[in-house]
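What follows is a group of structures, each given as structure tokens.
Next come two complexes built around chain A: one with chain B, the other with chain C.
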Partner chain A sequence: MIPFDWVEPRSFAEAVASLDPEDPTVRPVAGGTALMLMMKAGVFTPTRLISLAQIEPHYSAITVEKNGALRIGAMATLSALEQSSAVAEHFPVITETLLTLSNVRVRNVACVGGALAHGDPHMDLPPLFAALGAKVLVRGPAGVREIDVDSLYAGYYETMLAKDELIAEVFVPALNGAKSAYMKCTSRSADDWPALGLAVRFEVEGHAHIRNPRLVVSAATEKVTRLTQAEDILKNAEADSVVLKRAGEAAAEEVTLLGDAHGSASYKRELLRVYLARAIRHALAGKSAQ
Partner chain B sequence: MSQMGRSIPRLEARSKVTGRAEYVHNMRVPGMLTAKIFRSTVAHGRILSIDAEEARGMEGVYAVVTGEDVRKIIPNPYFGPAFHDQPILALDKVRYVGEAVAAVLASDPHIAEAAVQTISAEYEELEPVFDEVEATLPNSPIVHDELKPAGTFADLKHLAGRKNTNIALDYQLRRGDVDKAFAAAVHVFEHEFRTQHVLHVPLESHASLAIPGEGTLTLHTSSQTPSFVRMEIARLLGWPENRVHVKVPFLGGGYGAKVYVKVEPLAVALALIVRRPVKVALTMEEQFYTITKHPVTFRIKSGVDKDGRITARKCDVYWNGGAYADIGPRVAQKTGFTAPGPYDIDNVSIDSYEVYTNRPPAGALRGFGVPQLVWAYESHTDLIARELGLDPVEYRRKNILRDGRPHATGTIMKDAGIDAVLDRIAERMNWSVAIDRGTGRIKRGRGIGIGFKASISPTTSGAIVNVSADGSVVIFTNTIDMGQGSDTAMAQLAAEVLNIDAEKVKVVHGDTDAAPYDMGTLGSRSTFHMGNAVKLAAEDARDKLVALAAEVGLPAGTNYDVQELFRKRYGMRAGNIVGVGSYVPSYTPPDPKTGQSANVTPFWMVGGAGAEVEVDTETGHVRVTKLVNVADGGKIINPKIARTQISGGAIMQLGFTLTERMEFDGGQVTNASFADYKIPGFRDVPPMESELIAANQENGPFGAKGIGESATFGVSPAIANAIHDAVGVRLTSLPIKAEAVLRALRAAQGNPLAEDEE
Partner chain C sequence: MSETRTIRFTLNGRSESVAIQPHWNLVELLHHFGLTGARESCGQGLCGVCTVLVDDVAVSGCLYLAVRVDGKKITTVEHLDEGGTLSPVQQAFIECGAFQCGFCTPGFVLMTHQLLARNPDPSDDEIRHYLSGNLCRCAAYPEIVEAVKLAAKLQKQAR
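What follows is the complex of A and B.
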């Protein structure tokens, strides 16, 4: 490891100012769990790291608003999110997803901002937040902008964030009775990175009439990806086994799935087909995750 | 109070949880340099040049050392327990990706690491061979020009000087006449099973700190075998053993990764070259290039008569030993002879080959090869029972090897509770009652697997028990506590003899200047061998105390105070009593042609598992819903610790069964990190039951014997058998990943899952 500078700004604004739009060896660090792996593997060699650990405490806040919407500060740890009773009450799908996200040691230090900014497709929160219709609030030298999580990712380990922008907060709109589920399929240990991650959110009328479905796949794909054709099939349809099967087929056809150590592409295609129906059924049954 | 059967907490538990326990990784001494290793990027090649100019010039780099530099101070720098085949740093050739080629020394490990990145080497690449069966074929690339057995083991001597072969040992056993028995058999079954490349991953990786003195050397090392390390270092240097002092604090796990000799020769060579203390401490990632478990191809064939009795079994086992023999040849032999399984079979033929390949070296891993064999023979046995339409438990009972009957080596079985273990598994599985097989996408099934293992033999252990004038007791032993609780067990055994509380005994372990020779903490041998030695030493001390009592005029049989004894003898509080004990069991070497021996092992280890599983027929996902583990550990010294050995062994084998696999691209490991090589987490642990049967090992210390490996035996086949029971497909390769199950299911339905295009 070659020595590098470590800066600990006291404010978010100062942190933004310490970034360098041109230099990829200058990076912010939140919990450091992803960055350290990259540094150990030799794929990232920093010259300067901007630690966000000392910025204003409200960037770690987790708040459920009166209308049921959720605001999560970028520096909230995954454990804090997992243990928040307000989150468990309003977004049980988030709480349950966190239980198998890595392990308690990682969750104790990893932060929501880091989990969203890292850009590794093999992660659990990005597809879930994308399906929930969440946005990130991003601040750079030019000011603040909002990016929908479902369009935050440009490619494999690539995000739409500029090098001198930081995620300040995540905003998750209220569920308002909408159903949601996240299915994490692992092929090694239960707390492994997923082989396939599938998140759904939709509203229901009557027994199983689906409105406004949002289906998002990740891990098996290059980046977080909306399943728009499957969504079209489910839109305003009764979620019976015929429709679910068709949606599963459409999903498996519309995205390019990648084979890796977690499984072959053709196996992941089977998983997507099968898990799409399961995700919808779980969400309908009120079970948010398996 | 009897000390046997007391579940006292481990003696070192507090010092571990408070962070006081010592580990080599944390040691620092003045003037110490840290070594970082430059490793080969090719699987097989001749070294043309090593360019370390830039590294040598870097600020903070003390030295860069290559194999040629080592050769200047150690003329024949090849080490290993079975073969002297492994160079301290690569010489002339490299034989696997990850082999140590050069070392950078610096006070700052980060500088050493950065300097390693600047080194490059040129190789003339040679064709590699990776597969253990291909490596035995006539036109295979040859990994070593000539076989160089170490001479330590008589049964390897015949291999000296062999050329043009990758077979580092061709062990064979012949009993009865298999050909005739196959000809007469009503049914003949033949299958091939394979296992994958996995490794130990102790949470503490290898570390050695060598401190040169004046013609002496102190070596702090994370070793399971301090006595062997001392011998091997003394041999390499041509020094008397008393000039090498090996010390081992606690180990953060071993599982066989730290047996015999690993990074010690490198630490020593570097320290002697630079005349300063040198630490070699591997990273987690480097474990993947250090020692692994043998992948195995096992072809097994059985002849069965009209009543279902197995009359003949032929076993061909290929052990992928990787680039250096390590202890592999002993695995091929000492484990090889158990290949037919715990069955009473009159006609047996075994050929067991230790094979060199261009993979990382393989050695001993919790079970010494037995789990690979049980995987095959218990899958095979299950297939036979199924084919014959017989209940798998009943079928095993019909053929099981009972006490009093000869094993394939001719040794008569004794104190081996094979049938009892089988019975207890069947009872705990409620085997006589059918299970709910499930409907819809989830199907259920159950299976069992049992196995056994001989103790490595003949081996010896020595111990000293010191009684001070205040009556307090210290045991000196070279058995290493690596989390298995050996210190506590030894304390309980000595305390039982001396009639004191085990908690009051101190254990000094891992110090070759203080404690007598011990063959090693491996192969579940310590409770039996060192246990016997400690017991003998304690008895010696007790006898000397009795003699002292007589000397000072106390009438025989009186209850006396030990402090009083010493005071009477020396006129004040002074003196001590030293009890010594040394144990070597009897043994008859097997006939080299037939493998027959009247006494092949001092004791047998027995273990088995029963598994209930749910298979998701749409995804292939297997959920173990119940795992029963039963073992025969003789009389149990400390039930609580013993049970953790059972559950720990089973969970470890569960990882090897369902998820763990070193992935390779050519010769390159592509998942050399815990991020990508996944051992089971707490969420992967199924509902488990562990039982140690009521038993007695007649020649064991107070009836005890080893249990560290037994729970690994049955897990893999029990799960594969349960999957077959649930969904009717047979998996013959480990690990059993969900994708493999789904592929097998779909193939059986005539609707195979497509392979990815490259």
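What follows is the complex of A and C.
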């Protein structure tokens, strides 16, 4: 790898001030797992890296509030999130998703902020957090703003974050009995990235009356994407097989699915149709991940 | 730009200080100290051959910049037989023949230490899941799972 400068600010504010809004070769680094891969592959050549490892410890905190909402500091590691008993109790879907994310050593090092800011559409936490209605709290020189995770992504490896903005925290609203599931389908390609990711969250009335559904597709699309037309079909409907089939078909029509080494576009269309019903049924059965 | 930096850390129980380039990874740092138990194989975080413990947490040395260990404690596979006796995990790997060429063994041994520290009595599924980030080209997987179970037993007896 090519040499670069390494800066280790002691505070979040100092880290923001060290960023450069114009220079794409200056980047923040959290766990560095994604950046190291890009640097080794030669697709990213930094001149300066701003390490967030020494900023104030509360940026690594994981807190479930009294009302059941979850706050995760951007520097919390994926392992810390996976091992949090409060998270397992209130958001089992998050714990189960983490168990299928990468491997122990990557989770020990990678941070939640890095997992959300990287912008690779094949990753697991962005679609899940988007379905859960999570927001990121972002701080830049002009102050603080909130971005819904479902609108955080501008394109393939592109986010709405300015180059001098940092994610400080993720806020996940309480589930309050809502059902949720995340499923991914891996077609055994050499890189093991999924062909499709699908996250769902909805409330249920009575036996299977669906309220406020949020459906999010990933991996097969250029970026994490809400399936609004499928949501409209499920809204206030009974999740029987006819409705689920219609929702699956609407989902497969409303987004552009990309063919690649993980499968052709038409294969992924078929996957989306099938997985949509499967994820809803999993969530209804209280089984959240596969 | 990109001057060398001096970092201080504990390496297998000894205090060290060394001037490094910011782009060195942890495997390169260890090779500088003549430690070759951790090696770079896939270089992408997938295979576990580069496993190192930083503050008692397993990391992939190939994806971990050496500058990050400033002020931290590094433990490598070379430290496990400190005092001249093999650890129960090492003994179990030998007993079960849990390797053929041995290339992957340091990583599996360190990860097994981590697993048993968290979960002293893991099931076959838990073992397979925890070690899924370690690859063995000789496919000694059945023997490795046996070795982890034997190590768990040996550790319990030693207590």
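Here is the rule we go by: the second predicted complex is superposed on the first by the 287 of 290 C-alpha atoms of A that agree within 3 Å, B and C clash if a C-alpha of one lies under 4 Å from a C-alpha of the other, contacts with A are read in each partner's own complex, and residues count from 1 in each chain.
Keep this in mind: a contact is a pair of C-beta atoms (placed from the backbone, for glycine too) under 8 Å apart; a residue touches a chain by one contact, two chains touch by 3 or more.
The structure displayed is predicted, hence computed values, not measured ones.
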Consider chain A as the common anchor and indicate whether chain B and chain C clash or fit when overlaid. clash
For A:Asp5, using the defined touch cut-off, is the partner it touches chain B, chain C, both, or neither? Pick first, second, both or neither. second
Quick one: classify A:Asn103 as touching chain B (first), chain C (second), both or neither. both
First, second, both or neither for A:Ser189, with chain B first and chain C second: first
In the superposed arrangement, which partner chain does A:Ser264 touch: chain B (first), chain C (second), both, or neither? first
Based on the superposed arrangement, let me know which partner A:Leu37 touches: chain B (first), chain C (second), both, or neither? both
Examine A:Ser51 and indicate which partner it touches, taking first as chain B and second as chain C; both and neither are also allowed. second
Listed stretches 20-28, 92-100, 110-118 or 146-154 of chain C, narrowed to the one that overlaps chain B: 92-100
Contact residues common to both interfaces of chain A (with chain B and with chain C): 1-3, 37, 40, 103
Which chain C residues qualify as touching chain A in the complex? 1-2, 5, 21-23, 25, 43-46, 48, 51, 57-60, 62-65, 67-68, 111, 114, 129-130, 132-134
Chain C partner contacts - residues on chain A that touch it in the complex: 1-6, 8, 32-33, 36-37, 39-40, 47, 49, 51, 53, 79, 99, 102-106, 108-109
Interface with chain B, chain A side, in the complex: residues 1-3, 37, 40-42, 100, 103, 185, 187-193, 259, 261, 263-267, 270-271, 274-275
Complex contact set, residues of chain B against chain A: 110, 113-114, 117, 285, 618-619, 655, 659-660, 663, 670-671, 673, 675-676, 678-681, 683-684, 737-739, 742-743, 753-756
